[in-house]
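Two complexes come next, and they have one chain in common, chain A, joined by chain B in the first and chain C in the second.
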Partner chain A sequence: MILVIGDTNDITTNIAMEWIRHYTKDVKRINFSGYTPLNSLKITNQTCTSKIACIDTSKVEKIWHRRGSMRFLPSTLRNTTSSLYTYLKKEEDSLLKSLEDILGETKEYIGSYHKEVENYKIDYLLKAKDCGIRIPDTLITTSKKELQSFFNAYDQIITKDIRYGIKIKAQDSGMYSAGTFVVSEDMITSMKEHFAPTLVQEKIDKKYEIRVFFFKTTLYPMAILSQNDTKTSVDYRNYNREKPNRNVPVLLPKHIEQKVLNFIKRSRLSTGSIDLIVDRSDDYIFLEVNPQGQLDWVSKHCNYYIEKNIAEYLVFK
Partner chain B sequence: MKVEQETPFKLIANCIPVKGAKRSSICDLHRGSIQLIPNDLYELIKKHEGNTIIEIKKEYNHKYDTVIDEYFEFLIEHEFIFFTATPELFPKMSMEWQSPNEITNAIIDIGRSYKYDIFKVLDGLTNMNCKHVELRFFRKIDFDEIETTVKHLNTIKSSVLSIDFTIPFSKDFDKKKVQDLMYNFPRVSSFRFYSAPEKKFIPPIDNKRGYIIYSNQVLKNVKCCGLIDPGLFSVNIKTFTESLKHNSCLNGKISIDIDGNIKNCPSMKKSFGHIDKNTFEEVLENKNYKEYWSINKNQIETCKDCEFRYICTDCRAYVETPKNTFSKPLKCGYDPYENTWEDWDKNPLKQEAINYYGLEPTESIS
Partner chain C sequence: MDQIKKLQPVLPLTFQKAEIQKNRIFKQQNKTIAIDYIDTDAMTPYSFYRPISKIFTL
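What follows is the complex of A and B.
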């Protein structure tokens, strides 16, 4: 049996499910937005068995963890403002991570909740560097002096979050992440001597960006030609809706492809999405990896049929 | 972007030039638009993609430098091309088209002559994983009946993602009521009211909801269908790739006519079963059912020379030469050899076919 963990309105889960069902009836789907009853996770001195949403997991051969996670907290307990909920979620989080490890022991588990929530950019930068892929020079600091001297050393620098985009809701206002943006002299001047840990990187003068979705060892690279557009020249997520960036299929040069595959192996990632930049001198620079990265637009714009390929892997391989 | 004379140019992979008899088009499958170009430019792109502008000018002994510059300015303005020193890293897009489901869309006609169970039809379509349904009423219908039908789709957690209604106008369909319905049931993607007091288009209240069209034309029967019109062009990768090898109307389609007959399309003569006697699955087992599915625009007369052929709809029910399977759709007024549009029903050469099918010119809506 194949088990898919996705979400109700996730287009990728929906399309892939159609393909899976085209090939087999032996598939079950769990949605993040729903409640997943944990019937049992039973550990004795002889056995370790589990039953989730009435599925005997010993019958499951492959799990594709596309998005989100299972949610064992009944919806009546999901009161997002209570501290009890915060506590229960922490407990649930530990359980989810253990369960992922347990299931991964006996079956092929593709995708990961654990990797997604613990997606530490700094760790991955180092791993990419160790695999011989160029990375932008990076500084994480709480000191204005250090920040200023880093700023002085490069033409331009950018900043982005270390792990979490800002998303703070207050009573009458909110604070949301601007994604990646260029740091100006004025910004630095206005800062205090000491501040919360902040990540800055040299700004790469790019020719274009590449988004590489990968599933197992198959790479699906797509070029994002955004260099002509000031709106998106720093971060393509600052979309230009009238004239969206051109997205086209692209190939990675063999030596880069090998390094990317090494990186994936070293990071123990079974699927995800890697952001690369190609700079003016045709160097490939690693930016980050997203273990539950989007693939719908890559599949659609390049006509890659990624969802079909995933289904075929799950059913036939 | 600036013109780079000495860097090879590459076409954007999802912008695809299509050559016609007298001019060509570039189908921008990414942004959903189309631009017309001279055939000379088509040839230039085909022959020289991956070369530099300098090389191209030299190839023509600098006789056409000005024209070539103009061409490239046009291509850059629309961002159809980019310049790259590594053109070998930018492959063509795959032209594959695949669908996980045999049936993708359905037309259901409901009239006075025979009464069949619409719920049962929708259940059957959901079994087939059908995604798009058009329900056309050739009889009076009230709002409640529509609402119950739509609610039924929710009850059965239907596979149907979009449902379009064609309905004779009546006062019962208050605009607000219709809009609320489309708001509450996002899969209702449009209402077309015919025999309405006036022509009107009501755009969606938000971009995920449906629209309303009022038309003052009278629809008596299925003969209204099959119109070919630029307003029905569909410029995207799915339609384009599907059209390369399949029929852009009938592929993946199943229909029920007003008498309950299961057909490729309600306007076609051949019936493959009856809704009260056969299942859709049974009908699909009939080898002849899919006969038309693979008739594509490369095979259809006139269409095969048309620059719009992979973004256009088709019609096999009403064709110029009724005995010829590969004849051009009758209700197309475009002439790719002259690049002119005319009203199809005014063309004297089509009168014989118009009489053959018993069509009345006013019976078309788009």
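What follows is the complex of A and C.
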């Protein structure tokens, strides 16, 4: 049996499920947006068994964890006061992580919720560097003096979130991250001498960006021609909805491909999306990796049929 | 949000360009039934763009 953990509105889950069902009927799906009953997780000195949404997990051979997580909290508890929900969510998260590890011991588990949650950019930058992939010079600091020195050392620098995008909700409004942007001297001048940890990087003069979706050891690279649009020139994710960037399939040089595969192996990721920049000297620079990211646009822009390939792997391999 | 703005000099640089967006609250018989908010953190790519506003039923 194949178990797919996804989301009701996730286009990739939906398309892949169509392909899977075309090949086999022996598949179950759990959606992030719904409540998933944890019937039991029984641990004895001899055995460890689980039953989730009435699925005996001993009958599951492969799990594809595409998006989100199982949600064991009933919906009434999700709308409680924020501190109660925060506590319950922490308990749920610790259970989810253990469950992922337990299931991963006895079956092929592709994808991960806790890799997504514990997606620490700094750690992955270091792993990429260890695998021989160039990374942007990076500073994380709470000191205005250090920040100013870094600013002075490069033509331009950018800033972005260390891990989580800003998402602060109030009664009738919310404050949200603006993504990656260029830092000006005025911004630094307005800061106090010490502040909360801030991440800055040298701004790479890029020719184009590459998103590499990978599933196991198969790479699906796509070039994003973001440079000619001022809105997307710093980061393609500052999307221009009126005039989107051109996206095309691209081949990675063999030596870069090997470094990327080494990085995937070192990071113990089974699937995800890597963001690279190609600079004016045709150097490849690693930015970050997302264990659970959007891939339908890579699949469709490049005619990769990634969802079909995933389905075939799950059913036949 | 005003308090956050006052704290800006000691917040990470990323707050200097953070966007404030209003929620749109849908009411029926004076009861809130849904909140529609734009989540700019969604990172949903353009071409096969799913609307990044979500309707939540409370």
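Keep this in mind: the second predicted complex is superposed on the first by the 312 of 317 C-alpha atoms of A that agree within 3 Å, B and C clash if a C-alpha of one lies under 4 Å from a C-alpha of the other, contacts with A are read in each partner's own complex, and residues count from 1 in each chain.
As a convention for this text, a contact is a pair of C-beta atoms (placed from the backbone, for glycine too) under 8 Å apart; a residue touches a chain by one contact, two chains touch by 3 or more.
This one's a predicted model, so the numbers in the text were calculated from it and none came from an experiment.
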Which superposed partner A:I168 touches (first chain B, second chain C, both, neither): second
First (chain B), second (chain C), both or neither touched by A:N247: both
Greater chain A contact set [chain C / chain B]: C
Partner chain(s) touched by A:R21 [first = chain B, second = chain C, both, neither]: first
Partner chain in contact with A:R134 - chain B first, chain C second, else both or neither: neither
Touched partner set for A:T198, first chain B, second chain C, both or neither: second
Partner chain(s) touched by A:K300 [first = chain B, second = chain C, both, neither]: both
Which of chain B and chain C A:D282 touches, first, second, both or neither: first
Residues on chain A lying within both footprints (that of chain B and that of chain C): 244, 247, 300-301
Partner chain A, residues of chain C touching it in the complex: 1, 4, 8-23, 25, 37-41, 43-50, 58
Contact set on chain A toward chain B in their complex: 15, 18-19, 21-22, 207, 223, 225, 228, 243-244, 246-253, 282, 300-305, 308
Sites on chain B touched by chain A in the complex: 1, 12-14, 30-31, 79, 82, 84-86, 88-96, 98, 100-101, 129, 237, 241
Chain A residues touching chain C - in the complex, by the definition given at the top: 9, 11, 79, 147, 159-162, 165-170, 172-179, 181, 183, 187-188, 190-192, 194-200, 237, 239-241, 244-245, 247, 293-294, 296-297, 300-301
